[in-house]
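Here come two complexes built around chain A, the first alongside chain B, the second alongside chain C.
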Partner chain A sequence: MSYIALANITLSSAASSVTFSNIPTSVNGVALRDLVLVIDGTASVGINVSIFFNNDNTTSNYPYVRMIGNGSTTSSDTANPTVIGDLQTTRGMIKLSVMDYSATDKHKTLLSRFDNPSSVLGAIALRWANTNAITSLRVRDTANAATFSIGTTFALYAIAG
Partner chain B sequence: MPIPLGILAAAGFRPSAAGSYDLLETTVLTGSQASVEFTNLTTKYASTYQHLQIRVALAARADDWMTLRFNGDTTGGNYYSHILRGTGSAVNSFATGAGSLGMGYLMNFGTTTSAGVLDILDPFETTKNKTVRMFAGNTTANSTGGPITLTSGLYMSTNSVTALSISAFSGTYTTGSRFSLYGLKAA
Partner chain C sequence: MTMQVIQHIELGSAQSSITFSNIPQTYTDLLLVTSIRDTSGGFQLLLLDINGSSSNRKWRSLFGNGVGGVGSQTETSGNPANTIALVNGAVGGPISVVAYTSAQLYFPNYSGSSFKSFSADSVTENNSTENYNFIEAGLWEQNSAITSLTVKTTNTVAAGSSATLYGILKGSSGGVTVS
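Entry: the complex of A and B
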């Protein structure tokens, strides 16, 4: 059993953020290496989605590189640290892997793919510049103004390694 | 809205279907190393698994590109790859072989930590050439590098994959770098 479902939630009301805490580093004696978070749904308005680990809200600790296509043009930027993708008012998804989240000897690299069929798709690499093991994560609107909509799902998995 | 995992776990978390996606081997480097090998793959895994996946989480090292060699094959003409990359300022694409090191440009390291997920489809099938794809990234924006890459690769051989050698065009992987091999079963 190497791909383990840790937690799953479907919003029954709009939420400004979602937090997963007490993330384990092993389950039933199996050491866990990577986290996978899948977000499927919508937001109250089109938003960038940010991630924060272990209550670290310092945006400069989350450098990123993004590549996107919108159906007519492509672009790449480093302008929005903490961002893992976007959600629109029409359904889209974000799937990300946090590699070696339980390691204490390296910064954490995150790979994200996001897809909004009505607007944009893209890929992001993000680094949390901290060697601590990840014990919690929080996702919210980057601008901290909009909400995740009713019915949006957040599924957290861990991969043994 | 905080969702303490302890509460959800007590409520009964749902494990994946047992044995469909299995960790097969993990190598975590305890010193610098030029390459990582996975060997005897057909013997060990062909009867059970249809696809393979390699997940890598690398400690910081010198900027370079990952290469992948199948079955010790050093014939450059047997390998092809296409890369779509975001540099931090532009998106572009290129195609290449790799020479004796095998399939090249699968992943760029930058100068910070980096990571990637490599899918190898039907590696033990003897009626098909071998195809791979990789999604990888680092946060070192570089006009000639590839902080964000989507790569597809082709190995022109119908032989069952017995060995995989992960190296780079130059330099070594550093202490703490992890390479994990997973198997995916057929339905």
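Entry: the complex of A and C
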């Protein structure tokens, strides 16, 4: 079994953030290597979504590069550390992978795809400048003002290796 | 098991499409992985019908072609509503040049009662300087569960093309808590 479901939630009320805690480095004796997070739904307003690992809220620890398209123009930037994508008031999704999340000898790299068919889509490469194994992750509105809407789903998986 | 193969289809001869029907509703998400080529030359379109329909779709794309071409389009840009990506067509060179477009589509919550999001990533390859990396944000604006997926190209899907449909089931393990 190489793809393992760890936890999930479907919001029954609007939430300002979602946190996955107690992320293990193995399950049933099987070592876990990578994490996959799938978010499907909407937000109260159009937002950038940020991620924080192990309660590290220092934004400079999350440098990133983004490419983005809005249906007519394209751009690329490094202006918004911690961001993993957008969610809008119309349905969209974010799917990201964190490589070697359980390693203790390297910074953690993340690849994210975000898809909003009525707004913007793109891809992000992000680095968490910390060598600790990831034991928790939290996602929220970058501006810490809006909420994830009722019915939005969050599912966390691990890949063994 | 969290991720399982639902069905794998590989074409022994050119066909009009590759279809997955009667998709079981026992998973949470679907992953469709394809290796596709069109029988006509040049770059053609990779198309996807959901539940037999090409309608009720919104999409937004972002692409680059390796020779300075980059762009972003929507379903109103002139391509069909069920466009997923570009796909390479038959080439006239040596058999070793023959290559297939790789595309991966992810459908979260495909059996739910809301509109369905999907994410598509693809890359063409034809051993030349111009090739496309094409990503798409898609939305099927229907509340019905997805019960069939049909992959096709502008003309005919070439022999040797294949597609694999996986089911992914959410769950809990390892003591992870969510709040």
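In this section, the second predicted complex is superposed on the first by the 161 of 161 C-alpha atoms of A that agree within 3 Å, B and C clash if a C-alpha of one lies under 4 Å from a C-alpha of the other, contacts with A are read in each partner's own complex, and residues count from 1 in each chain.
Basically, a contact is a pair of C-beta atoms (placed from the backbone, for glycine too) under 8 Å apart; a residue touches a chain by one contact, two chains touch by 3 or more.
Note that the structure is predicted; figures quoted are calculated from it, not measured.
Asks: Looking at A:58 after the superposition, I want to know if it touches chain B, chain C, both of them or none. Which is it: first, second, both, neither?
Replies: In the superposed model, A:58 contacts neither chain B nor chain C.
Asks: Quick check on the superposed pair: does A:8 touch chain B, chain C, both, or neither? Answer first, second, both or neither.
Replies: In the superposition, A:8 touches chain B and chain C alike.
Asks: State whether A:70 touches chain B only (first), chain C only (second), both chains, or neither.
Replies: Second partner only, chain C.
Asks: Of the two partner chains, chain B (first) and chain C (second), which one does A:119 touch, if any: first, second, both, or neither?
Replies: second
Asks: Of the two partner chains, chain B (first) and chain C (second), which one does A:38 touch, if any: first, second, both, or neither?
Replies: In the superposition, A:38 touches chain C alone.
Asks: Output check: A:155 vs chain B and chain C. Expected answer is one of first, second, both, neither. What do you get?
Replies: In the superposed model, A:155 contacts chain C only, not chain B.
Asks: Which partner does A:103 reach: the first (chain B), the second (chain C), both, or neither?
Replies: A:103: touches chain B, not chain C.
Asks: Go through the superposed model and pick first if A:92 touches only chain B, second if only chain C, both, or neither.
Replies: Second partner only, chain C.
Asks: Following superposition on chain A, which residues of chain A contact chain B and also contact chain C?
Replies: In the superposed arrangement, which is not itself an observed complex, chain A uses residues 1-9, 18-24, 67, 69, 74, 113, 123, 157 for both chain B and chain C.
Asks: Spell out the part of chain A that touches chain B in their complex, as residue ranges.
Replies: Chain A residues touching chain B: 1-9, 15, 17-24, 33-34, 63-67, 69, 74-78, 97, 99-100, 103, 105-111, 113, 123-127, 157, 159-161.
Asks: In their complex, what parts of chain A are in touch with chain C?
Replies: 1-9, 18-24, 26-28, 32, 38, 40, 67-74, 90-93, 95, 113-123, 151, 153-158
Asks: Per the contact definition, I'd like the list of chain B residues that touch chain A in the complex.
Replies: Touch residues, chain B against chain A: 1-6, 8-9, 13-16, 18-23, 26, 55-60, 84-91, 112-117, 135-141, 147-148, 150, 175-176, 178, 180, 182.
Asks: Show me the residue ranges of chain C that touch chain A in the complex, using the header's touch definition.
Replies: For this pair, the touching residues of chain C are 1-3, 28-29, 58-62, 70-74, 77, 106, 108-109, 114-115, 117-119, 121, 135-139, 168-179.
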